[in-house]
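Once you scroll down, you'll see the structures, which are given as structure tokens.
Each of the next two complexes has chain A plus one more chain, namely chain B in the first and chain C in the second.
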Partner chain A sequence: MSDDAKRAAAPDALGCATDWLGRAEALAAALPAPLRFDELRAGARGELLQRGLPNRRQEVWRTVDLNGFRAQEFAAAAAPRPVDAALLDGLDGALRLVLVDGHYVPSLSRRTALPAGVTVAPLAEVAAERPQLLAALGDVPAWNAEPFSALNTANFTDGVVVHVAAGVQLDETIEIALLSSEDTAAHPRLLVVLEAGANARVTELQRGRGRYFSNPVTEIRLGEGAQYRHFVLQDESRSAWQFASVHAELAAGAQASLHRCMLGGLIGRVDLTLTLAGAGANATLEGLALAADGQLLDSHLTVRHAVAHGESRQTFRGVLKGKSRHVFDGLIRVEQDAQKTDAQQQCRNLLLARMAQAQAMPRLEIFADDVKCAHGATVGELDETALFYLRSRGIGEAEAKALLVRAFAGEFLDGLDDAGWRERLEARIDAWLEA
Partner chain B sequence: MSAETESLERLADGGYAYGFVTDVEQDTVPPGLNEDVVRLISAKKEEPQWLLDWRLEAFRAWQQMPVPDWANVHYPPIDYQAISYYAAPKKSIGEGPASLEDIDPEIKKTYDRLGIPLVEQEFLAGVAVDAVFDSVSVATSYRGKLAEQGIIFCSFSEAVREHPELVRQYLGTVVPTRDNYYAALNSAVFSDGSFVYIPKGVRCPMELSTYFRINAKNTGQFERTLIVADAGAYVSYLEGCTAPMRDENQLHAAVVELVAMDDATIKYSTVQNWYPGDKDGKGGIYNFVTKRGLCKGARSKISWTQVETGSAITWKYPSCVLRGDDSVGEFYSVALTRDCMQADTGTKMIHMGKNTRSTIVSKGISAGRSQNAYRGLVRILPGADGARNYSQCDSLLMGDQCGAHTFPYVEVQNPSAQVEHEATTSKVSDDQIFYLQTRGISAEDAVSLIVNGFCKEVFKELPMEFAVEAQKLLELKLEGSVG
Partner chain C sequence: MLEIKNLHASVDGREILRGIDLVIRPGEVHAIMGPNGSGKSTLANIIAGRPGYEATAGEVLFDGKSLLELAPEERAREGLFLAFQYPVEIPGVNNLYFLKAAVNAVRKHRGEEELDALDFLEKVQQRAGLVKMDESFLKRPVNEGFSGGEKKRNEILQMTVLEPKLAVLDETDSGLDIDALKVVADGVNALRSPERAFLVITHYQRLLDHIVPDVVHVMVDGVIVRSGGPQLALELEEQGYSLYGRAEGESRRAQA
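Now for the complex of A and B:
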């Protein structure tokens, strides 16, 4: 069957109420030349058409029922709609890029003079003015085949590019906000390239109001010895759908520390792949999921040790209340050449309610013999004796619980080097517990 | 390659000592599988109509099922039409052996070479053996002694003839015909196996044992084992396997069902040493087995212990469904792979009852170019208040060509449950070997010592005679050898 015939048989070739492919094709024709990326986008559309959206028979999608998502209609936002400025709470730095519905909004953003060799700019601007900085965009074909990455590739209209030249250290925290308005679909694209010895830090906020679809994709390329820290606060609306992807590759001696705190989304899913491609690279992935009634927070991580002497740490925590679900699916893959790898993976879950459900799949695939790999998973409720002890000291039940949950989340908070965010998150956890 | 790796590899090279073929005339159905073959098997075994219907239902389900491809094993597609689904030693067709003296002397010799205590040794060893030679049980010992206590220990076909009500009551209740591809296939064409029933309050006075042998060329082996322990009963069952050397891959798709009623305990121990194929992965047994126990009653307990050292491919997940309150499930496993062997093995613990507990200890050893995977599921259902699980999966790598993988699935739906999973991966370190060598222990013995230490937690769960055998088997497998 030809592509046309296929589409005629099912106008929404992906079996969705929203015509993703038709929209992507219309977009491809309408975009200004520098943003077209014809080959890349055509490839993504081809992948989508060929594979469709995933279903539960596929192992990594076993945890999510996409039927609800398929039935949803989301508007393509041709231009950003006005949003409540309160959504930007917590971002008060001098360097702030705000995207609403996938479009850059200058009026909400703040740009400051940057040191030589540093570019922090909207993707559309970079594409028009310095396209050579986008060479790395979408250059991992296997990963682009992943359905929601492909959906982003076929549909993104703007994003943020961070490019730091060799040896340059950027002291200013780069703040990025991805905001969504009701009923829209947004496909923001982030590209972070740090050349050898560069150093940068990003704080990213994902927020919105009402029901919408957020489909951000982040690509991170770290050169030799580069150091990168990235904190994401996934604070989407509780009726939003989020399918996020992160792809990172580390050259020799590079260090990446990726922190992700997840609170929002009816379904909040992230697919993260990280490759330690150079010797002595070091990756730390920390996650904290706070899932409330009706939510599914779903994290799928793959850390691939391709060469020797790599070190990786994954620590994910989940706190669950109401009828919620938290899924941690982490894979450490140690290739045959990756001798002397030191990889660890931990998933801990705290269940606060009867109907809460935790799933953990900490997986190891090891093809090298001289490695140190360990993983662990625990699930349990609050320790009765600890609670009793606190109460015997005159601390009320709610407060005692909050204290223990905060302690449980503590390691994640300790990992944040931004005191402001640490405090904000502590307050958020308390509020979350009371809600 | 370091000298140590070399010696480890040689150590992992131990040949297959049990490779010989017994020359016995076989009554074999021509290769191929259709409803007529299912009917023929059923007719040859003079089965009642309900069992034939059950087989046919399974066969029809099997035809609709896709071949599972999620396991971490790779092999060319199996041509199910090229397999013969029934083989029985000719001389036992008809009335069956009246006594041990009547069995084919060739078969007896085979068992003797395997060291199975069937005749003279049976008294000394105190083991009742239900020996399965290919598909028909050819000898059963100690029957009388067990019968005195009301214990039924016989071949599956005999059980169908003599205790149809028991078989019908429990068959397929733990592993339904549609459970999975290989279980459905087994349900359709199973040839024979063992049946055990321990009546209320009886503690089985001896270890029950079955030795499986795959013998006829191109014959898939489809064993069916059903063990029922009634309230308060106790039984320890041993299953040991060796198979002669072969060039063609042989399929083995067994099903084992255990049912434990209130306060009953079933201990099921396996030593599996089927032919793993040659050094280049040619030949060897495909071992696709479904084993599951149902802790049906309160305070019941099912314990699986397995030592897997053979088969080209092992696909096996002995599981426990903990339905009764306070029931206990255990899984202790050692899986050794070498050369081109592939193992994807583990367990499932399904907690349904209150205060159910489960323990998983899995030790994987990979050598050569082999791939060894642990795959396990711990599921706590909403009703399982106070459930508790502890899992530990350790892998030992010998050589830089092999792989060790761990795929645990933890699913918890009850906050009062406590679930812990731990896993480590390591290698036999130079330091450990060096230390033992400085104490005058040869490198070969040192590795054996280290490996045995690594597996100790599992070996101590095996019945004594079996533990000795398992330890020897492991040494033999790792022999050949180090210096």
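Now for the complex of A and C:
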């Protein structure tokens, strides 16, 4: 079917070939009681109906052409379809929760005995057995209205809940895999709540095969002094669309360290909103985008300093080859009461091809007068002199380039405290360069 | 070992070398002296294969193979080494890792197995001692934040680890104090052997007090105007390059 024909095929109220709203309404009536969240979902549907999907006239969406996406029909997978187990390569821990097409799959997952006070479980299970743990669901401030976050809220059927009670440290890394099969739309929902002084770490893998739509939402709420690390490998299919949202809120003294490596998607976009809600909270956001021919990788970040003495660091890097685009839009917003804020934001891009295009839009909105804020953006090519230096020592051109690209990505790699993942990622970068 | 015949070369379309003839045999140390802008560094870069340096006529043979058709890495694997006049800083690439990648690339080319990590480290530590380089430099990114003298020592370290057949030293002595100069000379002298040759490019005679050459060439305006024994270097030190129509230190670039 041509794109035009698809667009004409019964578009829903949002102007999409897939009837998102009709599907969400049917789902609302069919869901089991614990998963209904009637008010939350009705609110999301209302927001979608009122605002529609974004278009390029909206400032934060002007970098993305959604026409191709609107024309696509995606199936609502009522149950997970079989997937290639190789998609789970890299996840080898004892605690692994796997979702396929937005549904939890016990046969691919591994559950282990957890310390008292720790819950790591599928969302549908938690909703049925301990709904009190879901109080934060849909409650972590999104700050900017994000239509794809609302689309998830209206459509999610399962996900993962991580809940760690006050003062408890979970040593085991929590592994989460969000997998997709061909032609489907998936809306997995992750909720992470760390109470005061708790400590946990998540490694998340996003993968699939063929053409599909992945629409994950992650909500993170950290109590006072909680420490949280989250590494995402966005390794979606190159024919997929991914619109991901992350909302995080940090209480006083909480520390969040969020790392995201992005490789996949015809369009792969993340909208991340993080609020430093308590004094002395600290957020580190690091990104590495590897964009290949035909891809658009897009990160929209909002870090909001609501109170004094907060510290935030955003460091995003892009490596681009072929006719690809990398967009980084980072906003630091410092509210009037957020004195002594220390916020930095950096975006660096390395272009390996003439047709590649990098856009960096660092933005500051500062309403307090005693703050330290810095931002910067660079775009450059591989250093020819360095390349010659390496080659003059016998190192082949391809290996020399890989060395320099790995060096460029080095700070991101150094930020991964898991040596196994660092090695895997280095190998992934090398393979990406050769592909 | 190295045979250069009627070599002409241009940079940015401007002819710099205008017919160089030079033969270096195994075991020999040759020095090329000359004023700034005479084409000494261009010759070094042409031999190493630096992009942007174009040989327009003539040939360069290395052990009988035509060097000009080889990529820079292929030349290095054949046993050629250039100590850079301005060693390059490479942030994010660890010095030891870089050395290992280089050594293994050369070994692979020769059909040898990769060096065992411990054997390699031991070798590098021994050579670092030879050039009086603190081992902490091995863990740092290549040349990043190194002083001028430390960068030149790092070049010599790489040379002693890679053990090339022919090493070209491009003004390795520039900007060095007398102690650093001795370190560089000791590194070269330690490697001197009947199978190995050196081409030492320098502006001043003082390096040649420590690395005694077999042959000294004087290059002016892209041609070798005179060749002789070590005493030629002393002569130049006294009389400058004025005998050859150029004042000491005067540059063709400056005239242009």
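Rule of thumb we're sticking to: the second predicted complex is superposed on the first by the 418 of 435 C-alpha atoms of A that agree within 3 Å, B and C clash if a C-alpha of one lies under 4 Å from a C-alpha of the other, contacts with A are read in each partner's own complex, and residues count from 1 in each chain.
We adopt the following convention: a contact is a pair of C-beta atoms (placed from the backbone, for glycine too) under 8 Å apart; a residue touches a chain by one contact, two chains touch by 3 or more.
No experiment lies behind these values; they were computed from the predicted model shown.
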{"item": "Which superposed partner A:375 touches (first chain B, second chain C, both, neither)", "value": "first"}
{"item": "Dominant contact partner of chain A by residue count, chain C or chain B", "value": "B"}
{"item": "Chain B versus chain C as contact partner of A:386, first or second or both or neither", "value": "second"}
{"item": "Of all residues in chain A, those that touch chain B in their complex", "value": "59, 336, 339, 349, 351-381"}
{"item": "Chain C contact footprint on chain A (complex, rising order)", "value": "383-386, 388-397, 399-400, 403-404, 406-408, 410-411"}
{"item": "Chain B to chain A touching residues, read off their complex", "value": "70, 72, 380, 382, 395, 397-427"}
{"item": "Parts of chain C lying in touch with chain A, wherever the complex brings them together", "value": "48-51, 71-73, 75-77, 81-82, 84, 87-93, 98, 101-103, 105-106, 109, 141, 158, 162"}
